Amino acid sequence: MISFLNANATIIIYLVKIALLLFIVLTVNAYLTWFERKVVAHMQSRWGPHRVGPHGLLQPLADGAKFLLKEDPTPAGVDKFTYFLAPLMALALALTSIAIIPFGPQPLHLFGRDITLGIADLNIGILALFAITALSVYGVALAGWSSNSKYPLLGGLRSSAQMVSYELSLTMSVVGVLLLAGSFNLRDIINAQAHHPERGIFGWNVWPQILGFFCFFVAAVAETNRVPFDLPEAESELVAGFHTEYASFKFAMFFIAEYTSMITVSCLCTIMFFGGWLSPFPASWTFTHYLPSVILIPFGLWVIWDGIRYETIFGRIILPGVGSAITAMGAVLIAFPTVNEFIQGPFWLLAKIFVFLFVYVWMRGTLPRFRYDQLMSFGWKLLLPVSIANVVITAFAILMWGAR
Amino acid sequence: MVPTSYYLILSAVLFGLGVVAFVFKRNVITIFMSIELMLNAVNLAFVAFSQARHQSDGQVFVLFVIVVAAAEAAVGLGIIILMARNRQSLNVERVDLLKL
Amino acid sequence: MPILDHLWIIPLLPLLGSALNGLLGGKWPNKIVNSVALGATGLSFLFALEAVREFLTLSPDKLPFAPQHYFDWIVAGSFRAGFDLQIDQLTIVMLMVVTGVGFLIHIYATGYMAHESGYYRFFSYLNLFMFFMLVLVMAANYVLLFVGWEGVGLCSYLLIGFYFLKKSASDAGKKAFIVNRIGDFGFMLGMFLLFRTFHTLDFTTLFAAASNPAWGHEAWGQFGTFTIACLLLFMGATGKSAQLPLYVWLPDAMEGPTPVSALIHAATMVTAGVYVVARSHILFVHSETAMVVVAVVGCATAFFAATIGLVQTDIKRVLAYSTVSQLGYMFLACGVGAFSAGIFHLMTHAFFKALLFLAAGSVIHAMGGEQDMRKMGGLSKKIKYTYRTMLIATLAIAGIPPLAGFFSKDAILLSAFQIEGGHPLYAIGLLTALLTSFYMFRLIFLTFHGKPRYDEHHVHVHESPWSMLGPLVALAVLSVIGGWIAAPALWGGTDYFASFLAPVLAAPQGAEALNEAAAHQLEIILAIVAVASALLGWGVAYWLYMRQPDKPERIAQSTRPVYNTLLNKYYVDEFYSALIIKPLMWISTNIFWKFVDVAAIDGTVNGIASGATSVGDIVRHTQSGNTRSYAVWVIIGALVVIAVIFFWPALRPVVGMVR
Amino acid sequence: MTPQLAVFFVLAALAVLGALNLIIQRHPIHSALSLIVVMIALAGLYLLMGSEFVAAVQIIVYGGAIMVLFVFVIMLLNAGVEERTNISKLAGIAGIPLAVALLGFLAAAIARSNESAQAGFESSTLANTKEISTMLFKDFVYPFELTSFLILVAILGAIVLAQREKS
């Protein structure tokens, strides 16, 4: 047994990592929906889900069960193969793109092996990512075409056109960062932002690349068909866009794919422009290393307090447990400095990703939807020129006074 | 360790299939695709040679070929749209005005 | 500024005048055209005078004056032809004749052509002619001389055909052009030969090389290189100067306006041949054969033309034939080695023959375009000045002392007499002189004396304007005094003309043959004889045409065949046309046109075209318009290419064979 | 049977099958999908050869742009199953044999090529991208500019062609 493990450890480690990542991502997806609903609800001064479990925390599980158990009708006259292929493609590609994201600086030392955080560490990382996003158009387009119905067709047309046009500016807007980093590799890009540890937050790419960041974020939102660019699934005009004809789990696939790509985009934004796992504070401020526990412990205590005075018995049991667990985690970090050191990178990374996800939701809650021609003219006439200009300016600056 | 000739033969096969498709298919779009297939076959040969000789210019040429293919696709598809619009058919054999 | 350094001005002025008139003159009134043309000619005349003055006052060490090199015209290998102008005594004589007489004739023409259409065209041509003539006489190498030579030919063509709507006129022009081509062909061959021999065509170097005694007999012998070259050059001269057998164009050239006949076909252009022979005398004197040929041809032409002149009735044609015969005199002089005499006669002849033509033109003008002497008569009262000037000219050409013609003709006859074996030449020359005076006085009598043979009502005879009479008078004066510079030779003095030309031309050879005294008295005798013959001719003419005017008819009746022969100019034109023109026409019609052009060339071209069409008809069907078929064609092409590459080792030898 | 060889055979089989499927399928969309498969397989082969940049570009441009354009046009024109007309005799009779002959020629020409082609090669990934870029912007800069101009012209042409004439 042990010998077998040692024999092909790498493979096993990879499998484990993949499984773990899948689990995490799917869970995060699920709770992202909950988070979104909550936030939007509070923005609209509603309660949002709160029946299923305390604060509706079990709502995602219920949804998942519903997706799995619902009947899955296949409309008449659809092109079977493509009809089934489309959601698979969408989900597969979305999940694959996560695999390229590195989640932490130094490898985890376990069983006498270095286990890097993150699955694939390609030296054309960002390019591969773009390749995958480029392919993800097919999911939508084919779904729209294959379901043999006019609304999906229109949705598919729209989305494929929209994705192709925004992909250009997406790619272009990153070139500036690539020029600064001089590499496609995501780790290199992050490290390139740590040239001056003392600058902290001011060393990040977002300052020199503010234009690029703007373009990138907008284009990314459009790529993911989120508000305000969610025309492919504009309820008011296209029923539900390309996945009108999809039910139950195939629909779930599209759903998960969308949220996963949201996460991916957030990761990319973080890594490209906000220094990935770098701390916003100068490296010399070692006391900031206790920030995770400083955040975790009060939060845990608040959860306990909130749980004790919760209406339902169930809540009174669950919430304090969760709260104490969080508090314990904070305590552990204080207790073991090595663990604390190790956690710094992932902590900041996740924190930034969380912020971006919040921004996504925020936009969803506030912004109106574009009209189609506005969308196109915005993408072609504003976004693309600006991003190209950004490339030119960056290249010029690097040539003039080697801005690295 | 893959011999270069394997890649070359593969590219030859793909090219031949592309030619077959070019002659065999009637749908303009498909014919166009077969052209792209041939281009890809040629690219494969390019990359194989450049890697075998450790010279990068082959890959540069691949980039050029891709760019040209993109331009060609843009124009060609525009033409196809026009054709479908004017003749209500995508069958090349229904479009035989290409003569005196 | 010394003109000698800027000789190019002299020819350039007429060119400018010609360009101005030709390009802009169409819009201008006649006055401006006049002023331009006359201004150009007159100015170049003045410049020529100035040049002569400077040349004569040139310090002896500068002589001979070096040719002025302006720019290289042709440079090919060792061959070089520059635009070089030279000036020496011979050139001076020609220059004076050309510019002076030319200027006078220009003045005359302004009056004569006043009512013609194409006025500006006429003067443009005339100035152009002046330009080329000046280039001809001032050229310092054969090539440039040939340029002038061809140019004057062109101008004579243009001017003979001036009334190009008249068929006879345009035909005459073509005839002149073509006949001249024959001569020019010989001339060019001569130039080539000279270049091949001397590797240069510049006069100075060429003559220097030619007079080198090293040349042996094979060069100077009967069929030596130089003899051939001289004969070829002489062939050109016969063409240009209307000698046997190429004289036929000159009489027809009378179709042109009279001033043209006067300027080109009497005074200047036709003498170009004589000028060339004199210019290249160094070549000629070395070659006995060439000299003999020149002498004989000249002598024969003189007599021949004179006989024709006897019976012509067209006033201008009489003059034309007399021109031919006078030119014959000049060649006779050259042939017997008396180049200076020839040039002298050239000059005097220019004076009186131009005068004759202009006077005849005035007569024609007076008669309103009538040229037939039989329809004239008794004009002497009506047009006095014309009559007197023309009489002077006639006396001059007939050789009555002390007028110009006497001295020159006398000098020629003398030198013809003096060379060994020259007596027959002398005899014929004498006879020709008699004939000359006969037909000239016949002309005078028929035209001016007797009773009018035209009806007075239609023709209003009137004297010409002064613009025409002025030149007549001037020329009359010249033809009186023109010969006097050579006069002293008669009473033992020096021949100033000959001595003036001496630096260029060798003195007559015959002069040394006999001692001074003998030469002198012989000269006197010959002069008396010549004058006697001239008077005889006069007398005969008087007797025939004044005393009993019906006599000539009867003589003509009695000697009908001879008369007809003369009247038809010995049927030379008919002979030529039968011998040359007809076969040529036949060949070009039946062989070159009908066979070569139509059958062969057109047939080939049309055949190719129709072949292409038929092939296209077959191949067209491959173009079905079906894209898939085209795709298959493309594949076939690709297959062929790849097959060639694939089987290259096998194909290589085949391709090698093909290559 | 080294792992590379195994991967190669898998990808090659994928590519050939995709190409065959392109011919067999009668609906343009399916042909397009099979062509996409071919392209991804080729990209994999490029990765196998170690020219990762070309692989990425292959997928991004071919897969992400050009083929999307095809699919888009097919959807736009709502192209149905292709009709099997046989108007062109020539293509019907000579087409396939000729194509096969061409294929045979190519294969034979390669098969009998010299030994250097038979030998395998070490995939050199190091600094490959950098090398390509330097070459592209130093040695091939003029062709590069030309192609960009070509792209511009193509865009204009596409716009002009595809826009409906205003009436």
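Letters A, B, C and D name the chains as they come in the text, with residue numbers starting at 1 for each one.
Keep in mind that, in the parts below, contacts are C-beta pairs under 8 Å (C-beta built on N, C-alpha and C of every residue); 3 or more make two chains touch, one makes a residue touch a chain.
Everything numeric here is computed off the predicted structure, so don't read it as measured data.
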Study note, to complete from the structure: chain A and chain D share contacts with none
Practice item. State, to the nearest whole Å, the distance from the C-alpha centre of chain B to the C-alpha centre of chain C. Key: 81
Study note, to complete from the structure: Expressed in whole Å, how far the mean CA point of chain B lies from that of chain D is 6
**Study point:** Distance between chain centroids, defined by C-alpha means - chain A, chain C (Å)
**Key:** 109
Study note, to complete from the structure: Chain-centre distance (mean CA atoms) for chain A and chain B, in whole Å, is 37
Check your understanding: In chain C, what residues contact two or more other chains?
Key -> 624, 626, 628, 631-632, 635
Check your understanding: What are the residues of chain D that contact at least two other chains?
Key -> 53, 57, 65, 69, 74, 76, 87-88, 91, 95, 98-99, 102, 106
**Study point:** Per-residue overlap in chain B, given as positions that touch at least 2 other chains
**Key:** 19, 22-23, 26, 93, 96
Practice item. Identify every two-chain combination in which the chains touch. Key: A-D, B-C, B-D, C-D
Practice item. Note which residues of chain C are touching chain B in the complex, please. Key: 620, 623-628, 630-632, 635
Exercise for review: Please give the residue numbers of chain A that touch chain D in the complex, ascending.
Suggested key: 79, 81-82, 85, 122-124, 127-128, 130-131, 133-135, 137-138, 141-142, 144-145, 153, 156-157, 160-161, 163-164, 167, 171, 184
Practice item. Please give the residue numbers of chain D that touch chain C in the complex, ascending. Key: 87-88, 90-91, 94-95, 98-99, 101-102, 105-106, 108-109
Practice item. Can you check the complex and tell me which residues of chain D touch chain A? Key: 27, 29-30, 33, 36, 40, 43, 52-53, 56-57, 59-60, 63-65, 68-69, 71-72, 74-76, 78, 125, 129
Revision key, fill the gap. Seen from chain D, its contact residues with chain B in the complex are 2, 4-5, 8, 12, 15-16, 19-20, 22-23, 28, 31-32, 35, 38-39, 42, 45-46, 48-51, 53-54, 57-58, 61-62, 65-66, 69-70, 73-74, 76-77, 79, 82-88, 91, 95-96, 98-100, 102-103, 106-107, 110-111, 113, 116-121, 123-124, 128, 131-132, 135-136, 139-140, 143-144, 147, 150-151, 153-155, 157-162
